[in-house]
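Each structure below appears as structure tokens.
One chain, chain A, links the two complexes that follow: it is found with chain B in the first and with chain C in the second.
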Partner chain A sequence: MSMIREKLEQITREDIMRFVALYSVAAFLVLFLVCPLCILFAKAFQYKDGSFAGFTQFIKYFSSNAMVYSISNTFFIAIVSTIIAVTLAFLFAYSLSRKNVPMKEFFRYVGMVPLFAPTMLLGIALIYLFGNKGMLTTLGIQIPLYGKVGIIIAESIYCFPVATTILMVAFSAADNRLYEAADTMGTSALRKMLTITIPNVKYGLISAIFVAFTYSFTDFGAPSVVGGNFNVLATDVYKQVVGQQNFNMGAVVGIILLFPAVLSFVVDRITSQKQSAAISAKSVPYQIKPHKITDFVATVFCSIVAIAMILFFAVALFASLIKLWPYNLTLTLSNYDLSHVSAGNGVIGFRNSVLISLMTAFLGTILTFVGAYMIEKNYRFPLSRKITYFLSIMPLAIPGTVVGLSFILFFNASAFQIPFTDYSIINPFHSIYGTIWIIMLANMVHFYSVPFSTATTALKRIDREFETVSESLNVPFYKTLWRVTLPMCFPAICEMWVYFFVNSLVTISAVVFLYFPTAPIASVMIVSMQGAGQTAPAAAMCMVLLFINLGVRLIYEIIHRRQSHGI
Partner chain B sequence: MSVSLKVSDVSKVFEKNVALNNVNLEIQAGEFVCLLGPSGCGKSTLLRLIAGLDRPTSGQIYIGNREVTNLPPSRRNFGIMFQSYALFPNLTAYENVAYGLRNKRMKKSDIDARVNRLFDMIRLSHAKNRLPAQMSGGEQQRVALARALATEPDFLLLDEPLSALDAKVRLSLRKEICNIQKEMKLTTIMVTHDQDEALTMADRIVVMNKSVIMQSGTPEEIYEHPENPFVADFIGSINFIDAEKSKTYGLGDKGQTAIRPEKIVLSRKESGSSLRGEITDIEFRGFYDRVTVVITNCLCGDITLAVDVPFQTAKYMDFHVHESVYVNLPKEEVLAFE
Partner chain C sequence: MKKTKWKQLVAMCLVAAITVGTMAGCVQKNGTDSASGDAAEQNENVLNVYTALEDDQIADYLEEFKEQNSDVTVNITRESTGIITSKLLAEKDNPVADVVWGLSATSLLVLKQEGMLEPYAPAGVENVLEQFKDDADVPSWVGIDAWETAWIVNKEVLKSKGIDTVPTSYTDLLDPKYQGLIAMSNPASSGTGLLTVNGILNLYGEEEGWNYLDELDKNVAVYMHSGSQPAKETATGEYGIGVSFGYRCLLSAQEVGSDICEAVFPEEGSGWDMEANALIKKDGEKEIAKRFLDWAISDNAMKKYATNYPIVATGVGGTIPEGYPENPVEQLLPIDFNVAAQNREATLEQWSERYDAKSAQKEQ
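After this line comes the complex of A and B, so read on.
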């Protein structure tokens, strides 16, 4: 009896709360990340009837000409888009961080705008510019838009902001003393570039290349709009699963899509560790020295990028504001009346999208923060913390298409048969299939890692003795979390919220699989409207989503600035 | 309220690393004990085990007569101070001190009275409403002390509390902590790697090295009668003379001997047991000169001794490099290690 009492005395209520919090996060990730992926793997090795297939599905896939064609197409697209996007991003980031360019803030924001729009918007703008009756086509500038050219342009723009962000961080970590030392030795500009600048941003560059490659390798939005008959893997999965209801073959393609993402993930892990070690606390920030010619070239370059970017979005805006291109150019707002579009009631879809994004942002922020907190500020359950950490960064390696595919496989099944037995378990989550909640869950999983890392970084900056002090004062951890940790992490929490919201609103790759006519959402409606030839209303819907996202971001910037001024 | 502490046969193993190896320690109620040792000796690990932040691999820990080995920190009733101050940056000094009280069912006026009393004690009543960022390091650490004392702990744990401070502030805070500790008769354990801090503050010093306790005793005992070469070397300066030479010179025949530089007397006149040597170096050290003397002996090799000569004496004697002197090693000051 006294033994039991002694044991009970050693377990506090707080320990139980910590236990519940950590394992809730872990359970979420196991249920909605690990389980669906397991089902995906299982399906790839099964025939349609559920019997074991081994590698036959893979062999069948690779022996089909059409499929091999898709793979080579996808690689071609991804490689060319990566080269274009990273080259432009490198020059753009270099100009903004190392040259005297005016209006840097403006250029930086303009370069980021594609992040806030659905990729379909880029496709639509391209059609208006270079399509059969496009503005530039009629002026005599003709390019074979539908197919690889269109996809490559769209993917390049899509990857540009991410690559720029990564490279800006890499360029900002420079030690001016190295440049001063080089100057005292009379080193030429080219030699400084080759021996100091490039080695310094090496890891950022590698990371940008892999991220851009993965983005363009797995993207669904752009190929679905301007792809024409040019098949890529992401659209193949969709056709296999949604078109032909061949889930097993879809799973095979999904696994192939995982490869570059997993590789990119591993490379990113390795390089980010090396990057952080490269710069010491003693480093002196880079001092920009005026240089008339190169400063001018850099400014011209940034202006061209900005003008091109603005042009794209202006064209999309224009497309949404005219009656019928190119026959009736009257300005109208009728395209913004979304209640009668081909895909159904656009207002409902739009409302669902906003609701999903709000819920994803709200629940996702809480979940990722609690997860990061329990991993970072808690010394109990070391093994479970390590595993949960790994699961938390794993979504980085899972492309949206694969998230969507594994979700449909997981939630669609009303029961799971336990392999090699006659027993089966009823799927308790089957009931949310076909509702907007499955989309919310998919978004939470798909976008989990970045906010998780934001929270982890913010928590790492806070003295780890705070928890010890409050324990010694017999103040429960949740009170310290509420009174100290949360207020100190407020900027990070806002950033996490915005990330979840912005991405959930425009994402297409995962949700296209989970779309159900009873629960329509805006981004999928855009694809189907565009497919039905309703390009102008599709453009209008893209613009509305873009404006909402820009608005949210603007509010965030205002709050953020107030905060940093206040302190 | 003050309690005794007891650590009994405690070991702590991290993966393959032995951080503490069978450590035994008893601390009287009201005693101020310093855990002193080089980094990695296990002193911080021992503090964390006493706080309950880690669990020992084996052995028991007692607070008073109660075994607490597996008790969580929140049930051990102690106060703690860190090198980093660990003040909550978004709360005022007042709220930091009141932090642990807000959680108890205390009347607001009682909290107010106690917090104000603590601010009087640390002489910072004027700075109650400042945020930590608006205070100096020394002020922040005093607030941290007040916060640790606010909940009337049974004992106090200090983890290198003065290491991040400027030399001057450090000296005044040493006194302040000692005075408060004596006044409250609060059992206190301080971890430090600074021997001056340990010598001036502690009732008892526990010297640790490589996961074990090397010696435990009052500052005088530790300094005057170190039990082993490590303790002798770690605290203060010392000249070691190996066993063979010790025997030759008649300093001891059981093994290595040692003598502190300030215990050696230099003179120009030969006396009974003095040895002849040559000055090879004189270093000015402020209130004393560090004189290096080499005693040449063709039988068993040279002995190099560091000798501290007080400033006044040095001025009067006016030694020079390359000069011959006589070295006196008083028998009672020679330490012998077996």
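After this line comes the complex of A and C, so read on.
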């Protein structure tokens, strides 16, 4: 007894705080990531009435012709889009980081723009460019837009910024000594490319390929606009769940969608562990050597990409500003009058979207930062930390569609049956079903991993000595956190905040399943407006979201610059 | 090290204890009424309306009701007919909707067969024509207007393909020269799509009807999500012919001008359906829901409907909106809605078996 008391006395206030902080984050992830996924798996093996179905749902799925076509369609789309997007991104990132290209900042930002808009915007721009009455179609450039071609173009543009970002990071880590050595030995440019450059960025390349694949494999926005009759899994699952309210079949498709994502996750984990050795402390940063011809080619290439991007968004802007495409091209702002769309819910939806994004950004940043801090700067609870770390990076492997689906299954149920008994557990979270909070939670889970990694990286950069010193001086950890760690991590925190905000504002794949009339949101309204043929107001709504995101990003850049000047 | 492990153990036990404790509090035996606490009490200030009416009509229709009941929050769920129907069916055990407003009668009959509707006779129901309401003494559903198959033809698009005729009958649509030019709505999600298919099955009979649809499928470029979309996208020149419904075809044709687009009501007659209202069965239906249903067939509401549709539930309106056939009732094929409702699921299954898979194959 006395021993226990003794032990209990040793638990300090700090320990309790650490404990609460770490386990709150862990509890969040278990409740809103693990539990919904478990329900999703359970549902896939059940009939509609809840009785055990085994694999019959899967067999039913795979024996349907239409379904098998949409699987092969989805793979086709994802593979082709990945090849196009990653090739372009590779050349773009290479030009910007290894060649003398003017206005690098400009090119970099223009290449990022697709990140800030809902994917439907790409689809809408495509219709205005390549549709039957499209601007380029009338000029004689005809492509069969509706179906695979349209989807592939849209997905390639959608994946381009992410692939570029990953590859830029990969290219930035180069050792100039290798190139110097190669030059002294008179190695040809091609050989240098094949033996130094590509092996150097291969992990970045693998990661870019898998991210692009997962993005295009699971995107909902673009296929819903330009897909025509070309069915893909993401639209299939929507039709099953929203169209026919067949949640169990939806769960089956959800699990199929999970496969490539999990695969890419595993590969990414394995490769990223190997990567650390590629660069050593002795490495010398890459020196760009002027080379007239290739520099010129690189500049031309970047310009073409930039012009294409600008063209796309200019067309989308134009689409939102004209009265009646293609017969009445008078400019008007009436499409921006949100009070008339969705039975007068436009303004509410728009307000909800901004509110949800702000809340997601605010709470998400706190949560991911606390999580990362407790895992990175804490030496207690090693096992729990490991598990929490794993749960924190898991959302990377979960497509939005699956997040949305598992959420609706989890929150929609008022009680869960305990297998093989007569008892069930009341779902305490049922009450947030149909509110904006469920959408906020879904966004926090869906976008958890990237800000978490950002925080982890930032924390890793801070010398551990700070913690050791303050501990020896008996300064509680939260004071060190508040006075030292947080200020030093401020840029990272801003970045995390912006990431949460920007993505929450435009995301569709997850929230399309959680949409509820009492809690309308803008991005899903765009899907239904487009579905009802109201293309111009849909484009206008997309543009508003794009402008807000660009504004937020701009503010971030200003703060960021001021900060780095200050230091 | 040992110390931390010990602490961790204590911590984990604590968490486990709390979790188990809360869970135990939440466990209940099946069959006990979990909703007893919160369901019976109905909030009269909130009204959940499910509707398949057109987006651009709702705000205008609803204005008066909102004025009269300014203290009531009206939550409108608007989706295409198919989606609203499956949503209602899925929520059968725990319905969210208080009332259904302007959903196809075929769908409401399905809900009635499922026992989801509470019969209610709204004030003024005697003014509604016999064939526009449920035949029971206290009707389960009451219609407000009728809408019918029509298509819009973009003459400019057809001209660019060297076609200068306008298809005026179902038979015309099968002409191979229209191949890849027709957009139609998908009956699984769209009520317009379903009534068109029902009309065709009614006109040609079951077997011949499916043969007709097989032939038509060869000319169809795309099956779309909603009833409006084919008309709207045909009006913007994406397709040559958009099979949709009368109101939308006329409106879209008017928007772009008669020199470009023309609305056509098929010579053989149109498949049609009613938009109708119903009260959803619940533990205690709200008074405000009943008041809403009263308002929804009031004279003022009917006048609003009549600005968009020539046939409303109280008869053919005084002035037929421009562009409709002179005798709009004669245009309608004789459809038995009870049969249509019974066959709904089978028809949709048949349809997606034939054309969902096929449309995917065509792409390959």
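Just so it is clear, the second predicted complex is superposed on the first by the 559 of 567 C-alpha atoms of A that agree within 3 Å, B and C clash if a C-alpha of one lies under 4 Å from a C-alpha of the other, contacts with A are read in each partner's own complex, and residues count from 1 in each chain.
FYI, a residue touches a chain if its C-beta (ideal position, glycine included) is under 8 Å from a C-beta of that chain, and two chains touch if they have at least 3 such contacts.
Here the structure is a predicted model, which means the values were calculated and not measured.
Legend: residue contacts after superposition of the two complexes on their common chain; A:Asp337 is shown touching neither chain B nor chain C. Legend: residue contacts after superposition of the two complexes on their common chain; A:Asp15 is shown touching both chain B and chain C.
Judged by the touch definition given at the top, the superposed model places A:Glu557 against neither chain B nor chain C. Put chain B and chain C next to each other and count what each touches on chain A; the higher total goes to C. In the superposition on chain A, contact of A:Glu180 is made with neither chain B nor chain C. Of the two partner chains placed by the overlay, only chain B lies in contact with A:Phe466; chain C stays clear of it.
Once the two complexes are overlaid on the shared chain, A:Arg483 sits against chain B while remaining clear of chain C. For the contact definition in use here, the residues of chain A common to its chain B contact set and its chain C contact set are 10, 15, 379. Taken in their complex, chain A has these residues touching chain B: 9-10, 12, 14-15, 379, 463, 465-466, 468-476, 479-480, 483-484, 487-488. Across the interface of their complex, chain A is touched by residues 51, 53-54, 70-80, 82, 84, 86, 88-91, 99-100, 102-104, 147-148, 150-151, 153, 157 of chain B. Interface of chain A with chain C (complex): residues 7, 10-11, 15, 19, 23, 27, 64-66, 69-70, 73, 127, 131-133, 146-148, 228-231, 239, 242-245, 247, 324-328, 340-345, 379-384, 414-415, 417-418, 422-428, 434, 517-518, 528-529, 531-535.
Against chain A, the residues of chain C that register as touching in their complex are 3-4, 6-8, 10-12, 15, 22-23, 26-30, 34-35, 48, 55-56, 58-59, 62, 75-80, 82-83, 86-87, 89-90, 94, 96, 157, 188-189, 221-226, 228-233, 236-239, 255-257, 260, 352, 356-357, 359-364.
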